[in-house]
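Each of the two complexes below includes subunit A, the first together with subunit B, the second together with subunit C.
This part shows the complex of A and B:
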């Protein structure tokens, strides 16, 4: 890692230069919510002026740049009673600007699943290798809980990371590609004051979190609470609409479909991002559904995020961005569900009499 | 034609309209890029939007429109007797559709409003499955041509044919739309069957539920959501009754 500082004016010049002729995406305001809050998404950008560098958080994550919602895995061409399969792993060079530490951590986790598993995905690898990531820090929103998940900082998985220290960005340069671009611009060695300001900035971020979730020992809690009535309680609220999984930076479950061309001369095999909350996620051939109840489906989503990965890979797959909580129309969010679960368990451990009925 | 070892024949198809705007049938003649290939899969026996020839030896009947007159009942029954597969085509055939709005007011009032003093025979608008058995439903106002292509190709190649079971929210989130509830609107996306690529919410128009309810929707939670957001109950009811797709849920509720 190389550390440099750059003035914000010079940084805009740098951004302008790299986005001009590249496939680039950055945070842009797309709407104003009814409460007056701006709503941001990662959108195509052609100049620094189009980017909202001081944005809060994007509604949807950056996941779909690596795992598109619908992705063609292969094409089949039929001719003379025979067939040929065509597979392409090509990904155009892409620049992603303004990703938060939680977003980058999420991509690092997807790396574990997609690249370091027994069957690495060449589709994912092509996109990952050909994507240039510029991260930026930010002050947490009241409902961000990435610090609880220890994802409020990130030290790998990006090309360049910018910490806002007033008139300048403190740059952590993590690739030779980023350095060779940047050295064409006015970058300086960080001064003593710059270093102090970076430390101050980090402290401010660290102390600005308002939402905390106790996740230590959570896998064990989840094991114990497998039959808890809490799952049905939250399941009764769940609309099974899949919004949580769509906006989530780490939900990667998918289904595969085969689609014939209308002229029947070819077909396409497609990967479609799905959600374990959707009604037919666990439906199998013959029609049996292993998880017909909302509560069971919701439970397994939490198990995947907070238990399965912790048990198997020593990390929870949630980064604490709370995008699912913001997108959920039924007001279901990890903080409330996990606290509810802990409250039930902890109250029964300290009570001599049985737990009071929950109403 | 031979395809992957299967003998592929053309679908002998008839398309019929009842009380409707014929917009769904017109969709079949849309999407020019694949139209020749699409028509290549069909042997059109009876379809006035596309051909003036009329034959009664069709296997598959697409039925558009709701039923609002007694003579329509007889005609529909005759189509059912001929067709080995009968498809309810579009929201009117599937649910009663927009035509069902007249069911909310006295028949005399509806007739007078539209036809003045002319004598007209009319009954409450009903979905076709109230009259005959339906083998497959293709909802939508209008139907999505892409979905129809998929279904027709599925029938011809004998592969799996399914409508999405999940709600519009999935498609909508995948298009990175702003949730219309965040903009203070009542949208039926969370309870309506997906497959339309969220075309209305993508144009900032709330979903009116033309594709009817998704599988196993959480209707009580949806009612609660509209209530908690402080949005208009009247507006919600108006939307839920617009295509008559949610009649079963509303009947159950009252």
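This part shows the complex of A and C:
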């Protein structure tokens, strides 16, 4: 990693240059939500002026550039009672601008799942290799809890990371590609003041979190609480719509579907993102459903995020962006569910660590 | 000004902080096991009951036919192009590379399409995936095979293995229960198993009809018919999820250690490779860590059965 400093005007020039000839996506305001809050999404951009560098957080996450909603896995071409299978791993080169540390952490976790497993996914690898990531830090929203999950900073998985220090950006350059691009622009060695300002910026971010979740010992806790009535209580609220998984930066479950072309000369096998909250997620042939109730499925989602993944990869898969909480139609968010669980057990003195106040 | 275009997939783009051994995009073998299937011809179909058929598949390519190796208990993904994929347990002899036998019940979209396929139709299989029964570890012991209903399909693979290495195993019992006498599958092989493979076969049905002369009741009733040395016995249990609890708890009571009872779990896998999470039980992938589990692991998995 190489550290440099660039002025904001020069940075815009740099962004303009790389955006011009490439397939680039950056945060743009697309709508205004309830309460007049702007809604941002990653959209195609053609110049630095179109990008909202001071955006808060996007509604959907950046995972859709690596795991699209619908993705063709293979094609079959029929001919005279026979067929040929065609598998393609094509990914156009893409630049993603303005990803938050939580987004980048989420992509690192997807790497863990998609590339470091017994069967690496070539579809994911092609996209991951052909994507250039420019990260930027931000001041957290009131409901972000990434500090609790230790995801408010990130130190790998990006090509370039920019920290806002007043009228300059403090750049962490993590790839030769990014460095050779930047060499063409006016970048400077960070001075003593710049370093101080970076530390100051990090401190400010660290202290601006308003939401905290106590995750210490959570895996064990969830094991004990497997039969807790809390799950039914939250399950009764849940509408089983699957919005949480669609906006979640780390949810990767999918479903495979095959359909004929209209001319019946071929067919394609496609995967599309699915959600474990949808009713037929664990249904098997013959109609038996292993998780028939809303509460079971909600519980499963929390177990996968905070318990199951911790057992498999030594980390919890949640990054604490609270996108699921914002998208949920029934107002279910991880903070409330986990605090509820902890408070439930608090009363009988098994809890090993203090739980935060319920707000 | 530098050229801002990017490199093609497979080439080095970054310093790669997420570096790993990437799949070689040119090598077919690395892709084959995951996304490209083996082409198979349906050489024969045998109706074995009103709902189930036995399909004989033969891999078209002679090299691939020899490459396709599986162990008893593993499953494969059968794809009918245009209709979809379904996970199916392999119920044939693993030393026989010529034919793969699949016992299929008409239950869903893909299996219905399979039932309509004519002889000579070409389908695709991927795999084999998952874990297998530890057949070598079971040597020099008694083996108790417990099958319920369609559970006979995965049981057939270890049964073939045992017949091929019969001298390495002691007494082998096959307990087979079904709802009705007409749903006892592979009844044409019963005599072969008893006489050629030297397996003690016991059958039972839940709802006997007039022509049925054998036993009737639940499968656990069969355990009273014979005695075995529980210290030197391995059990393989396949069947509907409700059966596992009854049978395994009963065998546990008889004194068979939990890590010597093996069950084969059923889930609707969509990928077979630990990606889609459809088969997840808690933190365990049924497709990677299963479908064969010992009963101790199953006890530790919540919601498993």
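Observations on the model:
Everything below uses one rule, namely that the second predicted complex is superposed on the first by the 349 of 359 C-alpha atoms of A that agree within 3 Å, B and C clash if a C-alpha of one lies under 4 Å from a C-alpha of the other, contacts with A are read in each partner's own complex, and residues count from 1 in each chain.
As a convention for this text, contacts are C-beta pairs under 8 Å (C-beta built on N, C-alpha and C of every residue); 3 or more make two chains touch, one makes a residue touch a chain.
Keep in mind that what you see is a predicted model, and the values were worked out from it rather than measured.
When the two structures are aligned on the shared chain, A:236 is found in touch with subunit B, with no touch to subunit C.
The wider contact with subunit A, measured as residues touched, comes from C rather than the other of subunit B and subunit C.
Once the two complexes are laid over each other on the shared chain, residue contacts for A:275 go to subunit B alone; subunit C is not touched. Residue contacts after overlaying the shared chain place A:260 against subunit B and subunit C alike.
Touch criterion met: A:21 reaches subunit C, while subunit B stays clear of it. In the superposition on chain A, A:34 makes contact with subunit B only, not with subunit C. Contact with subunit B, but none with subunit C, is seen for A:247 once the two complexes are overlaid on the shared chain. In the superposition on chain A, A:125 contacts subunit C only, with no contact to subunit B. By the touch criterion defined above, A:304 lies against subunit C but remains apart from subunit B after alignment on the C-alpha atoms of chain A. In the superposition on chain A, contact of A:78 is made with both subunit B and subunit C. Shared contact residues of subunit A, touching subunit B in one structure and subunit C in the other: 78, 81, 83, 258-260. By the touch criterion stated above, subunit B contacts subunit A in their complex at residues 1-4, 8, 34, 37-38, 40-41, 149-150, 153-154, 156-157, 159, 165-167, 169-170, 173-174, 176, 178-179, 181-184, 189-191, 214-218, 220-222, 224-225, 228. On the subunit C side of its complex with subunit A, the touching residues are 1-2, 4-11, 13-15, 17-18, 20, 22-23, 25, 31, 33-37, 79, 81-86, 105, 107-108, 111, 120-122, 124, 241, 266-268, 270-271, 273-278, 280-283, 288, 302-303.
Residues of subunit A touching subunit B in their complex: 30-31, 33-34, 39, 41, 43, 59-60, 64, 69-70, 78, 81, 83, 236-243, 246-247, 258-264, 273, 275, 278-280, 292, 294, 327, 329-331.
Those residues of subunit A that touch subunit C in the shared complex are 17-18, 20-22, 73-74, 76, 78, 81-83, 85, 87, 89-91, 93, 108, 111, 113-122, 125-126, 128-130, 132, 156-157, 159, 174-177, 180-181, 184, 226, 252-260, 267, 269, 271, 274, 276, 281-286, 288, 290-291, 296, 300, 303-304, 307-312.
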